Amino acid sequence: MGILEVKNVGKRFGGLQALNNVELSVKENSCHAIIGPNGAGKSTLLNVFVGKLIPDTGSVMFDGQSVLGRTPYEINQMGISRVFQTPEIFGDLSVMENMMIPVFAKRDGSFRMHAVQGMMGDKDIVEKAETMLEEMGLAEKRGMQASSMSRGDKRRLEIAMCLSQDPRLLLLDEPTAGMARADTNNTIDLLKQIKEERDITIAIIEHDMHVVFSLADRITVLAQGTPLVEDHPENIKGHPKVREAYLGETAD
Amino acid sequence: MDAIVLQILNGLDKGSAYALIALGLTLIFGTLGVVNFAHGALFMIGAFCAVTFSRILTWSHTVIDETKKDFLGNPLKVEVPHIYDLFGQATGDAIIDWAVPLSILFSIPVMLFVGYAMERGLIKHFYKRPHADQILVTFGLAIVLQEIIKYYYGANPIPTPAPAVFAGSFDFGALLGFDPNTIIYPYWRLVYFAFAALIIGAVFAFLQFTTFGMVVRAGMADRETVGLLGINIDKRFTIMFGIAAAVAGLAGVMYAPINSPNYHMGMDFLVLSFVVVVVGGMGSLPGAVLAGFLLGILESFASMAIVLDTLPGLNQIIIYLVAIIILLTRPRGLMGRKGVMED
Amino acid sequence: MSTSNFTRRGVLKTSALAGAGVALPTIFTASSAAAYMNEPKGSTVTLGFNVPQSGPYADEGADELRAYELAVEHLNGGGDGGLMNTFSSKALKGNGILGKKVEYVTGDTQTKSDAARASAKSMIEKDGAVMITGGSSSGVAVAVQALCQEAGVIFMAGLTHSNDTTGKDKKANGFRHFFNSYMSGAALAPVLQKMYGSDRKAYHLTADYNWGYTTEEAVKSSTEAMGWETVNAVKTPLTQTDFSSYIAPVLQSGADVLVLNHYGGNMVNSLTNAVQFGLRDKQVNGKNFEIVVPLYSRLMAKGAGANVKGIFGSTNWHWSLTDEGSKAFVKSFGEKYGFPPSQAAHTCYVQALLYADACERAGTFNPCGVVEALEGFEFDGMGNGKTLYRAEDHQCFKDVLVVKGKENPTSEFDLLEIVEVTPVEQVTYAPDHPQMAGGELGTCNPGA
Amino acid sequence: MLGLDKKDYTLLLIVAGLTMLAPFILNPFPEGSGLAQFNAGYPDLMQRFVIFGIFAIGFNILFGLTGYLSFGHAAFLGVGSYAAIWMMKLLTTNVIPAMVMAVIIAGLFALIVGYVSLRRSGIYFSILTLAFAQMSFAMAYSVLTPLTGGETGLQLKIADARILDGALEAGEQARANLFGLNMSSSYEMSVGSWLFTFNTGYYIAALVMLASFYLAIRIFRSPFGLMLRAVKSNQNRLNYTGLNPRPYTLAAFVISGMYAGLAGGLMVAMDTQVGPERMFWTASGEVVLMTILGGAGTLIGPVLGAGLIKYMENILSKINKDILHQWFAFLPDGLEDFIITLVYPFIGKGWHLTLGIIFMMVVIFLPGGLVEGGQRIAKLFKGKDADEDGAQTKPAE
């Protein structure tokens, strides 16, 4: 049994079958990549995982519980964190404040009316947020307004925010999209480090094969909303169906 | 039955004013992405174009009439319009009588200029600012504009009648085969309705069938891409602002005979026209027109004595009630696009 | 910059000398050294003119202010003396009030009760006004009147026509010269009967707020008393601008008279709309369809333009009256400003003079003295014939004018013609009349 | 101190100092001088300063922190006022129950309006709040007349029930009080030709305002305040961080509605009268103007904005042509008339025009409101090193 079990998921948008009978199983503490050409349904699938879309058919179970029909914040509270293609952070707030929010969310749940305590007086939270910033090498920037940071730092902050919640499953949506080679490599190293140091399951959607093959333990190839193959990276590389899907070559 | 028809007629008429204002508002919003709270003021300025024009026509010199006395017992000073001297009294009177329709010609350049000046002088600096800032600065502008008008024209309404031929009413019901004397409707209101239909049609045709309009529509959908094509979209948008101002102004000019213009008529319409735009869906031209007519008709029905007997006060709140219901059931109004103005 | 005469409380001019550190416990802001609120101790007395300067009634407010300025001029002995020459009481000598020069402060009511109270309070607290007067709506009049009662100054109401001002909301410190809804109904009914007969079906459109209710009730009961039938009465929102949907159904209702219980912008628009719908050209039940506007104002009639022609209504006063008082007032106002005064101007001017006269007769500015002097005071020569300030409710009882929109106006001011001067007896009612019931005058409050 | 850091504590002390010394600060000019016209230290206006300060502080908790622009906040102020005056009519003229009831009723009303309106965001939210407020106004003005007094509103009457109070003596009036301490009683102090008025009602209102201000600081600095700012910054991220924005925004809405109710209750406590125009949409617009003018999202800004607008409304509007003539009497006649012609449209009855112009100027040149203006001036004096300071304090100042 994987930590994330996807069974028979289908989703239609008007005349387009975006997802068709998707079956997927993400093993605990593994890094599972979902790849596929443009329009293969990767993002749709991700949106199903986080509660943004509800599929027409099928089931998505996280750790034995269905995520379907739950809102994004409920799913996050179950232990799934998401990193976006373009970093989604609280741009108007300082880096430190950005860091504190997920820590609060982890401790206090989706809503708590703590309206008169000083937030900086909450030692546990401040400590945890600071540790996390140190770990991610953002400690010096703690007072900066988040929107004024470089893109790489924003990405780092976003990942830090997700990790601070100790998620059981981290979803990454093309984390290196639009990045220069050097930044990409930094990000790969960061993710590798995370993988090694933490008990965490990672599901990653990616375009960049370099990233995928450096990180993934298992890969699912999606084409036209249908999973073609699910296998180890080394088996995927030369797989004829994959080449067909990507390059339009006919399998012979 | 005839009561219903009558109220539909009233609703269409009211709705045409709402629709015209909302159309301009949406045009500005859709093209420039600016929420223009001064749009009601443009409507008001349009109405005052009619007032000003008829004042120009009746610009007078005084002649002392020794035979009559004024209220203090002094000889009466009679104002004689210069236009009498130019064309003679009969023609002069005829021209003055037609002041409102004639002032359309006067108002178009004025409103285009006002729109142009507003866009270049103020609005363009607000394209990149948050919607809240746009709302606030144009709200401030609306206050300033109406206070200026009040300073020169006073606070009281100024009667601005329609030409005598349109002054009366006729039995509209008889045309439709109802009993005589059941559906009486004023000529001018039908003129207003036809005029509104014409303007709305013209705006749609302009956007639909001209190259200019096509570029603007493309710009409404995706400004950046159109900009990439090397088309100077900003300049076109400036012109669109002028056009939207002219539409509001014309709506105001023609409205002057229906209700005597006063300095706060813009604010009276502002809230209502925003409700109309939002109910129609921000950024949707057909939505604005549809919502204008819909709210006009509902408002008319709510003012019927039968309705008020059962639900007293409904006429006070109907517009807002409908707005709430529509916004709760259709998140983006009747025909709104996703993601517009939701931040 | 020390040229201003607008000093605060009279108290200060003398007590400023009292030196530093003197703290006096007071209620409201009347100094305990004073016998009553804002007792003028210096050589001047300050009056507060609280009129709408912004908002839809700003023009009416401007006319009220002109009248007050004229009144102050006359009280201080300037100008031609105006109505002081024709006023039956001869207590005023043109040397201010009780020998003190009259000064004034102005404020903007915005025709909102909150704003009106704020500006009245600033006049009382900051400027030391001993009397507040003015206003152009009943909401404001009632609010400011209640304030003056609490504060202990006199309120001389400006234009307010609702029964409530001297009915359920009457106050001992407040006085109204203007007529009211009941009087409009009582004055109009006989004229309407004479002109239109007693077999009529009336349709009311009523502004949906207090003044509208009292006016509708007054006109309804007095017209029904002479045989008219009320077909329907529909309330219209204050914020309504287009009345088409209310007016269009009138012809279908079988009514042959439309009564527009509207004032201000509402009146201008509803009347304009009614004429547009051709109601006046129609024949219903074999009779000409007629429109009635219970409360007329010349300033508003101007807004409706030619639409007022031939339409009946009532008004407090009109400049074309030919009694000595009216003539004197029109003359001094007209010579100063170049146009004839409105009824609002007249009522405000008269109120200012009546207050000054009451102070003279009472020999004090003490509100209780003024109240006593005004209660039951009978006077003449102020334009409306013999007038009584009734003690029971502080309402003036005088002749009421029934007017009609003029067919051939000679100027922009000449819009109404007087049809009948309804004698005071006909519009007098008992203080406990059901339309006025529910209030309590209380006792005068001098504030200290 | 008081659970605040040093900077906030200093700010609170400054505000406390200013409000307590307001009778002096607002009356800088001696009586009888031409400039006395500009004195604002009389009870009614001082009361209005702090009451509208409370209203704006509350509005800022919603708009400044979450970015939700409500165009209907005056409705809560109005509802609070009606609740307060009914308490005074029925129960007692003591202001405490009136204010408590005002806060409760306004809070409940805000809960209903907020629950519905917060289902939408952006301008759709604004229009929904506007619609609720306009409906409240229209109904209060007309069909609810038995409850609200309609156009003429409600006042205390001699015949009111007041079941907890003893009967009035003959000639006595019902007055708002705090355990017998009359709201309208004052101490006056003359120093030379200056006169200072210390009004009970003002000081009670000022204390309530200080408490409200203190609470607002605490909210700004709390985790809850952080979440509200996060709502404004990025709702999407907030959702994916496991936080539900709806209860946060609703709580902010209700809190700011309660602030408005408190302001409404205080208005009645200071001046026992309620009219429906208090709920008209322009009144809602006014609090938006105050907040923006002072600086949305800042602690002190809304209070400053409220002060400026009320000052203009009450002081500027009272300057009439006569006063101008007296001021400029020293000039030669022609010049005097010329200057008066230039100035006249902007003062007295033209104060709306001045307000509109100032407001536009602020939005155009000082998007951060008066507070930003103050910061810029401070920066000029301090030189460059103030720069970083400014950047850091910006989000919360």
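List of remarks:
Should a chain be cited, it is by its letter among A, B, C and D, assigned in written order, with residues numbered from 1 in that chain.
Following the convention adopted for this analysis, a residue touches a chain if its C-beta (ideal position, glycine included) is under 8 Å from a C-beta of that chain, and two chains touch if they have at least 3 such contacts.
Here the structure is a predicted model, which is why all the values come from computation and not from measurement.
The minimum number of touch steps linking chain B to chain D comes to 1. A simple rule picks the central chain: find each chain's mean C-alpha point, then take the one closest to the mean of all protein C-alpha atoms, which gives D. Using mean Cα coordinates as chain centres, the one most removed from chain D is A. We define each chain's centre as the mean of its Cα atoms; on that basis chain A and chain C are separated by 74 Å.
Chain B and chain C have CA centres that are 35 Å apart.
Chain A and chain B, compared by their mean Cα positions, are separated by 52 Å.
For the pair chain A and chain D, the distance between C-alpha centroids works out to 46 Å.
Shared contact sites, meaning residues of chain D that touch two or more other chains, fall at 138, 141-143, 352.
Residue positions of chain B touching 2 or more other chains: 312-313, 316. Chains touching one another, given as pairs, are A-D, B-C, B-D, C-D. Within the complex formed with chain A, the residues of chain D that make contact are 3-5, 215, 218-219, 221-227, 229-230, 232-234, 236-244, 247-248, 251, 255, 391-392, 394-395. Contacts from chain A toward chain D in the complex involve residues 50, 71-73, 76-77, 81-82, 84, 88-94, 97, 100-102, 104-106, 108-122, 125, 143, 145, 161, 165. On the side of chain C, the complex with chain D involves touching residues 1-8, 12-13, 15-16, 18-29, 31, 53-54, 58, 61-62, 65, 105-108, 112-115, 117-119, 121-122, 125-126, 137-139, 142-143, 146-147, 149-151, 162, 164, 169, 208-211, 213, 235, 237-239, 439-440, 442-443, 445. Across the interface of their complex, chain B is touched by residues 67, 69, 116, 119-124, 127-128, 130-132, 134-135, 138-139, 141-144, 281-282, 285, 288-289, 292, 345, 350, 352-353, 355-357, 359-360, 363-364, 367 of chain D.
Across the interface of their complex, chain C is touched by residues 2-3, 6-7, 9-11, 13-14, 17, 68, 70-72, 76, 150, 154-161, 167-170, 181-182, 184-186, 188-189, 257-260, 262, 264-265, 268-269, 299-300, 303-305, 308, 312-313, 315-316 of chain B.
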